[in-house]
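Below: the structure, in structure tokens.
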């Protein structure tokens, strides 16, 4: 890919990826053999009016490309169509569910940043010692715990056995909500703490082996200054890149956590909509996840030159 | 669930072109103490046990996994039911053994499918370069935006519940991870003079790619794919946990945990803990073996 | 009291492996001590102890004193103060040694600011002074630049300036010019000598290059296998090395001088001519090879050697490159159309598109020819286009313009189709630069050679061919069965040569084939090349950055600069009486302990 990696190029890439993703999400429906109307109305006994409404909404009597244009045009005006299971528009349903997921992801993000970085830095600085070994073993062990297992385990231990946190629901008011979200966030964060911890450690250990670190040491800098200015600073790039890649997984994992903890967020909505054959909602959530992922990674890409000046050089004259 | 994405981001250490010269071994290396030895053997034993249980479940299982016995709900472990029974009085051990079949077969198919597909695409991208590489790179970028679990959920939404659609979807979702690694390795190999040397000797490009370069990258790609197995297992189990995968009455570790959730609140932990422990054990075992495998291969590269 | 006094220094790795076996060494103020040895000799390890730098968990014994203060066991603030004020080090590769994500100003000033509590402004002023002292063109600008914006030579100046920030009395230099081009190396070494004299610093100079040590150092310590082999006055050791190891090292060091270049004059020149090196000057006519070179008879009539006095190897038709001014036709030789040279390169150009920048011309309108059986050296610094030239000759790249013929057949560009590929392969083979990358790691050595032979079998038994060739280049049976990773660099290059010869090429291209090897190994490989040429009448295109190496192997040499041939002619003549200023600059840049290079303090 010889596109000059300038801002313009990146934005063009972003738009292109989003466009292709929307194609994939939309036309995936056409992979299903048979009549689109019966696919969309699976499991329901629709009235003639409902059939007419769905036909009109999806433009089923139009050509596929016209259907796509109608759909994507609607999305630009905030119209994701109508939910099959609720008597609401999809966007209303999504907005209802958004806050819980947002809170979950924000708290998990904080946990991941703090604990992941701390574990990684600690292990790297103390590399080869028992501290490093302990951290690595702990991370490896936790890394093997899928989030649904973590969710079940946390409920059994902290909610049922110890009774420290509620096991179910999302609570009322700010602090109660936070209290309800702590356990789910921790279960969601667990795997990602491990991933960020490992990446931080290996990026830092890699830098520690570099000659510029030895040069800095030979100039009489204190170990703390060497780690801060030459090891951690240089490891930020890879850590940032990996973090960006993890966003999509985090969002999807929230569907498992929300289902396990009975939270009514976007994730549990996705699962529920698949279960209840509400394809418009599924389509909207998938597209949303992809859009967030693409946007976050575009931001990471744009931040990269600030972290590593060499990436600017690649942009050249353009 | 466990994010697959980690394996598509090259470990920072592999981003830099590695010097192939045997450097004086004074620098600190990856910890040796974690590999070899007892741990690997335990992992191997766990995995072999799981595989045997899965393969011979119909003959080994002491009970019919689906036989409901409402007189015997939440029975404690006993001679008749080694692991006890679940909320419907079904024998947990038998359900575990039968559940192992789907739990292991799904990931195996995904790993094999994604490895074959990914290696071919990666080799094609790296060897042909130019617009082929550009188009494939764009395709991989696109697929990265769809985490495996999301693609699997979408597949279920389209084709209905079960294992087939999610397995195919996940094989596609994992393929670009393998492909990127293959591409990166093949590009590195391409830079090495031995490839030019083959060309100068008069060997054809296709022959070099398939007979010389591909075998040289296969061990590393294979080892990395092994590491994907754990992630896939966790994700497919997660799908069952959500009720979107294997359907009742067939048993699956993920759906067993899902069914056991109700009992959890009334203090019946065993039906949830046993499949949960099994999932974690198998994932750990596969990861230990995969890392051992990867490490040995890494050490063999001269 | 000595500035640096190392006595009975030992170093053991945690595994128990001893790397240094009781090193003694001292540096007096204002003096320069050369620490010479090949890779793995322990020279870097030894020098680094002066700054209290050693591998983690290594166990040290003996004593290292700087100005009477014991460094071993020094820790914390005291050690850091020593590194900031007393001893500083210039590292080998500035590209790796300066943090790529921080500004150069930050690199220069951080130790002063953070360690000594000097204000940012004062540290900046000091950095400006030192950037002037190391003769960097624009200190103000460089202060805010990042490493990737500067050239290697400029970066090494930054590295030196950084080392001098704390006004050290001892400067340790670890191969500070190895990563640089010859001409840049000369500038940096001269700069170091000047700075040392101005500041009266003591210097410990690590190098693998005896010539360089001879130019710069007062005293020398020769190290091998973690032991001191020889020590003494630099000039005395060079003139009369006492230890066996030093003698070998001195003998192996390539030199520009005719009298101490032992290999070049082929004793079997006559045999060479008979074996297939046709159209040489002198009486050799006819013979088996005449059929291959259709105009062999005519060639015999070519005027006798341009370099009377040298052996007959040198072709009467000098491999005259048509220097741009001379016109393209000169490549054929002085109007002697009858002679068909083995390799003929005619007006070849190659330009690379670089994204975001102007296209780079790697080779511009190059024309030259090599007679059958001759060896032509191509000399140039990195970026001169010499490797591109080699890759075009062997068909790995296609020239934008111009033609390449081997033995009268067109071999321009990458071959298409099986027939063309095989034909091209039989015309030209190549030995690549890096022995660690040029063999397939998975394929045992014997099989690699056998595969090549099998592809071009022509009735031969490939296994037998492989065995013969590998025997010839000196590999034992066990080594032949082994995979490349168990072999040393020198052995690998021998395998690469055997593999190339298995194809039975008419022309062998060697692209920096010995530059990754230690001097003594390099000497052996060069000797092998010379022997094989004599035995098989091989025609060789020898590409190198090292004039001394070319001097050993090649009859004719041409000098490339930025893709253009600036000078060409018989090697000896060219080295003794360079006509072009760039050739002179290259020659002057080769360190040697004589006039113009007398930099010892």
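Note that the chains are named A, B and C in the order they appear, and that numbering of residues resets to 1 at the start of each chain.
By definition in this document, contacts are C-beta pairs under 8 Å (C-beta built on N, C-alpha and C of every residue); 3 or more make two chains touch, one makes a residue touch a chain.
Quick caveat, the model's predicted, so the values are computed rather than measured.
Taken as a graph of touching chains, this assembly is complete, with every chain in contact with every other. Averaging Cα atoms per chain gives one point for each, and the point farthest from that of chain A is the centre of C.
Summarising the inter-chain contacts, the pair of chains with the most C-beta pairs in contact is A-B.
Between chain B and chain C, the centres computed from C-alpha atoms are 48 Å apart. Computed from the mean C-alpha positions, the centre of chain A lies at a distance of 21 Å from the centre of chain B.
Separating the CA-averaged centres of chain A and chain C is a span of 51 Å. Under the contact definition stated at the top, the residues of chain A that touch 2 or more other chains are 2, 128. Residues of chain C in contact with at least two other chains: 56. Counting only residues that touch two or more partner chains, chain B has 27-28. Touching chain A in their complex are the following residues of chain C: 51, 53, 56-57, 80-85, 88-89, 91, 93, 96-102, 110-111, 114-115, 146, 148-149, 159, 162-163, 165-166, 355-357. By the touch rule above, chain A contacts chain C in their complex via residues 2, 4, 128, 210-212, 214-222, 225, 229-230, 233-234, 237, 307-310, 313-318. Contact residues of chain B toward chain A in the complex are 1-6, 8-9, 11-13, 15-16, 27-28, 31, 33-34, 133-134, 137-138, 141-142, 144-147, 149-150, 153-154, 156-159, 230, 234-235, 237-238, 241-244, 254, 257, 260-261, 264-265, 267, 269, 272-273, 276, 279-280, 283-284, 287. Against chain B, the residues of chain A that register as touching in their complex are 1-2, 13, 16-17, 20-21, 24-25, 28-29, 31-32, 127-128, 132-133, 136-137, 140-141, 143-149, 152-153, 155-156, 160, 167, 191-192, 195, 198-199, 202-203, 205-206, 208-209, 235, 238, 241-242, 245-246, 248-253, 255-256, 259-260, 270-271, 273-275, 277, 279, 282, 286, 289-290, 293-294.
Those residues of chain B whose C-beta lies close enough to touch chain C in the complex are 20-21, 24-28, 191-194, 196-204, 212, 215-216, 301-302.
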